[in-house]
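Shared between the two complexes below is chain A, which has chain B as its partner in the first and chain C in the second.
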Partner chain A sequence: MDDVLLNIEDLHTYFFVDDKVAKSVRGVDLSIGRGETLGLVGESGSGKSVTAQSILRLIQQPAGRIVQGRIVFEGTDLASAGEEEMRRIRGNRISMIFQEPMTSLNPVLRIGEQIAEVVRLHRGLPPREALVYATDMLAKVGIADPARRIAQFPHELSGGMRQRVMIAIALACGPRMLIADEPTTALDVTIQAQILELMRSLQRDSGISILLITHDLGVVAEMAQRVAVMYAGQIVEHADVASLFEQPLHPYTEGLMASIPRMDEPPSPDRILPAIAGMVPNIHDLPAGCAFQDRCPKVHERCRLEEPPLSPVGTTHDVRCWLHVG
Partner chain B sequence: MVPARVRPSRQVWMRFRRKKTALFGLAGAALFVAVAVFAPLLAPYGTMDMGPSFQPPGAEHILGTDSLGSDVLSNMILGTRTSLIVGLCAVLTSNAIGLTVGAIAGYFGGRTDNILMRVTEMFQILPQFFLAIIVVALFGSSIWNIVFVIGILTWPVTARLLRAEFLSLRKREFVDAARALGMSDFDLIVREILPNALPPIIVNASLQISGAILLEASLSFLGLGDPEAMSWGIMLHNAQEYFNRAWWMAAFPGLALFTTTLALNLTGDGLNDALNPRLRT
Partner chain C sequence: MSADALLTIEGLKKHFPVRGRLFNRSNDSVKAVDGVSLSVRKGETLGLVGESGCGKSTLGRCLLRLEEPTGGRIVFDGQDLLTLDKPAMRRLRRDMQIIFQDPYSSLNPRKAVGAIIGDAFRVHGLHKGAGRRRKVEELLSLVGLRPEHYDRFPHEFSGGQRQRIGIARALALDPKFIVADEAVSALDVSIQAQILNLLVSLQRRLGLTYIFISHNLGVVRHVSDRVGVMYLGRIVELAPTAALFARPAHPYTEALLSAVPRPSVGTASKRIILAGDPPSPLRPPSGCAFHPRCPHRQDICMRETPPLKDLAPDRAAACHFPLTLAAATPAATH
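Our next item is the complex of A and B:
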């Protein structure tokens, strides 16, 4: 990627609760090119959402804090930018859509108003023009009869339609980057496919970059060019989609792949889907060495002593595992 | 389930009118407001039209005359206006303070909340009549001072109510989503959260109006009222000495006070049922 839009360097985001420190993100490096889709994969508590929230500086205050690292977006370091500057960037240069379209819309405001208010905020359009613009945006995200829909309230719309509205709001100001935090997890499979297709076609038209956060490897395979797998606040594997699916290197990634039901093997009644044993380690109390050691089927002496670095294996593939270091 | 294509305001009305007592209350409240607005046109006599004193209810003076010989019905009608003004203005004052404090405390939480809530509690423990007497003694007894006193005494309830709503609403996902769109704290409080917190505030305000009217009457009854403005409390105050002689002087203003507060409370109850999301089907 020669044309980088966002570059995260050595990001550490910690939460300070009582006397404890939860190191949710521990040294993440990521970059997203213009027009690229990067998949960020991991299970709950792996730090993928906190990474996304760090970009927009929406970490829960006052407990959460970016303690180290830079997040450079179009020449600005978001990790140290002022709150006012962040407000100009949020929803305008970088937008975010959330997992639950049911609860992400304000229940007492009309759909049109919710799109119009962000356009008024960032573009300074007068109310009437903003509403016309809102109608156009609804048409753009594939909502039929937009002139009628703008006068409706969120509870009058289906889940898929609400997610379309969320996308319309997110894209209303023409941002350069979209952070999609589990955008389809709460939707039916058929609606999921429609929403993903919509995101792809909008990306083709606008050249927007997408950071796609998900735990669904299927969604990643369909949408992303590159994938970063997160575990316990670190990136454990980082590769282009093709190499990751062809040859997952980290035992955690292998485990994730193995736990997906396969269409090319007939299911038998006694076949049990492999799962990764154990639980995500407590981020208050990480073991010395590799964070995955207690769940890893290939654990050995060194894993318990030293933490492996993220090291390149080939040109587009990095992995944080002693098995693949020199 | 209410049909989906109906406007929310209309849905509220549809639920409101299901209850007969609520409709009865609303009719009473509407009558009260109408009488207050058109008071000078409706009153058969002016305040300065003195006739014979202590006339019992009869053809000339439907509800009799008082110790000074002025018409009880006319005074009651003019007193309606005072009650409405005091009720509305006191509630506006109380809500202006209460909503600001409650929103800030509930939205920011933590230390801000702690400090504001302690201040609120200080106002809650103020003895009502003591404060009223001090204000009237210092600034004189105009209805604006009474409005001020009632506002100062009642805002803590509004503040606590709104704070509770904000505490739960600020954690909702749509607030995070709006923040992610670049909205400031002020936008989030006023545009995103407040509209969601309004139903209990509206219900509370409708109940507060009757509370304010009663409080004004109590103060006036104790002689702390505005002598310039005719009010039900002042009429009751004047009637004290003549209970045995002229029962009508006390009975009719008392009845007006009773029915007005009843009507306003029934309206508030009805609004509560219509607006309370937990009772919706």
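Our next item is the complex of A and C:
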């Protein structure tokens, strides 16, 4: 495929603390097409954020390490690229926005300066032009009165506006890919709706690819064309958004969808949700076989012995479950 | 006020003073809760929804007098709460408990679980000696933990288990009424479902009455019999759950419901994207606080604050032009 922008092959990212190894990402394969939004969903500790951090090599040092695999972006393997090369890519070709904009913005720098800094650094724009550019970027992300706003500090802005500023910084250099790690999780729903709409319209205009990491299946259903579901460091299901939501195949995905209290449907008369029993396995001590076995209502002998491979079911749907292998 | 009400609030206010910048002369205050009246019936779950800063958590804390209200009345089980002295209030707190969002920060990390839960018995001089341990072990079983957990510490538990500890602590004194303040918001979806199920089944077994505070509309729809929607310190809509979700009466409720992304494809409903941010409670807009963001605003909305008015039996909204009944009744007759 020549419309693939980023291709991850067999990525393993581990954390070495004391004598223990936390295998946070255990063999992830993913690709993102140009102009596409790929949703990466999963619960805390599933490895979705570590996968994203691996792409930009922002894994916590020195404990974290990419121990295996390739991350090919525009012909470069990011997993083995030098630090100099990564600096050219970060914030320039691939940008990232996070859940909590306040912690990623510099509290003592005016926001215009924070945007201008990026284009000065990567594009070599002179200071005055960089500031004009910053004002344009603020207007582009829907901030009213940008000429006044550039002189303000992050604490003077609301949470929604801060996330708009983060997006302006992220998009300032015209990157080809945006990694959005829970970009709306800290926002109220009416503000979330604004930010999601903004991301969609910016994507329409620029053709940027988005890797959207979230625990919110609603956000994914609305934003993504394809979705990968992670559990205990692996992708357990991967499909186009329609088939994932209409016909989830992995018992974990099924269970996850059933356990969401729906605001668009009345609850069952007894108000008991079909919950997934138990909790995620300890990442330091994973069982042999399928990582979901102890919580799976459909577990059988083989699941406890062998780990199922991620196997295709139809052309746009892969699942890692013995029930759906060959 | 209905006869079966366990709790009735009238005109409840909580204003926080704001220090002025210049010579400390400011008389400003943040009206976190600004005249809330409602009642909660025995055995029901009243959901309270709204966005950050709307005052829902402050309201919940005022009900237990964890915050001292600035004005209004709270009648719980026939007693006027704000007139009670400290010892009387302490006795009454046995009947009223709260569960917080972050089970980790609300559990003392240096105390074993048994001591955390049993603390309530110590304070109230109940279940002395071996009886106390037995009672705590019963509570642990009740919330789906094991009696062996008695001697463990909070850090040894997962987030879901810690919330179970928080629930056991709230249940220790056999309360009638529980405020659940974002009780499942910090939990992953699969664990959230387990805790919601626990809260629902405990309510049935123990005949509990809940106020369930959450920003998550799916969760609120799931657990609540009635729902109150808050905006900038006031209730703007109060209705039975099914009716509220089927036909919201306040334009804010309508926009709030439409803003939630549905976890399904092909069902995209018409979204109302509100412009701007919720207003600052420091500088509330004139008239209806929602008017700067309201797609239906008229002149009167900028001048007059609409009171919470009955629209139908059991349904009320604070809006000059409520949606459902707009066609049926000539609005804004005053």
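Worth a mention:
Throughout what follows, the second predicted complex is superposed on the first by the 317 of 326 C-alpha atoms of A that agree within 3 Å, B and C clash if a C-alpha of one lies under 4 Å from a C-alpha of the other, contacts with A are read in each partner's own complex, and residues count from 1 in each chain.
As a working rule, contacts are C-beta pairs under 8 Å (C-beta built on N, C-alpha and C of every residue); 3 or more make two chains touch, one makes a residue touch a chain.
Because the structure is predicted, anything quoted here is derived from the model rather than measured.
Once the complexes are laid over each other on chain A, chain B and chain C both fit without any clash. By the document's definition of touching, of the two partners only chain C reaches A:263; chain B does not.
More residues of chain A lie in contact with C than with the other chain of the pair chain B and chain C. With the two structures brought together on chain A, the opening angle seen from the C-alpha centre of chain A toward chain B and chain C is 80°, to the nearest 10. By the document's definition of touching, of the two partners only chain C reaches A:190; chain B does not. By the document's definition of touching, of the two partners only chain B reaches A:103; chain C does not. In the superposition on chain A, contact is made by A:166 with chain B only, not with chain C. In the overlay built on the shared chain, the residue A:255 is in contact with chain C alone; chain B does not reach it.
By the touch criterion defined above, A:91 lies against chain B but remains apart from chain C after alignment on the C-alpha atoms of chain A. Of the two partner chains, neither chain B nor chain C is touched by A:213. Legend: residue contacts after superposition of the two complexes on their common chain; A:319 is shown touching neither chain B nor chain C. The gap separating chain B from chain C at its narrowest, counted between C-alpha atoms of the superposed chains, is 5 angstrom.
Overlap of the chain B and chain C interfaces on chain A comprises no residues.
Interface residues of chain A, counted against chain C in their complex, comprise 43-44, 158-161, 188-194, 196-197, 215-222, 241-242, 245-246, 255-257, 259-264, 266-267, 271-277, 279. If you check the complex, the residues on chain B that touch chain A are 4-5, 8, 110, 172-174, 176-184, 187, 191-192, 195-196. Every residue of chain C that touches chain A in the complex is listed here, in rising order: 51-52, 158-160, 188-194, 196-197, 200-201, 215-223, 242, 245, 255-257, 259-269, 271, 273-274, 277-278. Residue ranges of chain A in contact with chain B, taken from their complex: 56, 58, 62, 86-92, 95-96, 98, 100, 103-109, 117-118, 121-122, 153, 155-156, 166, 169-170.
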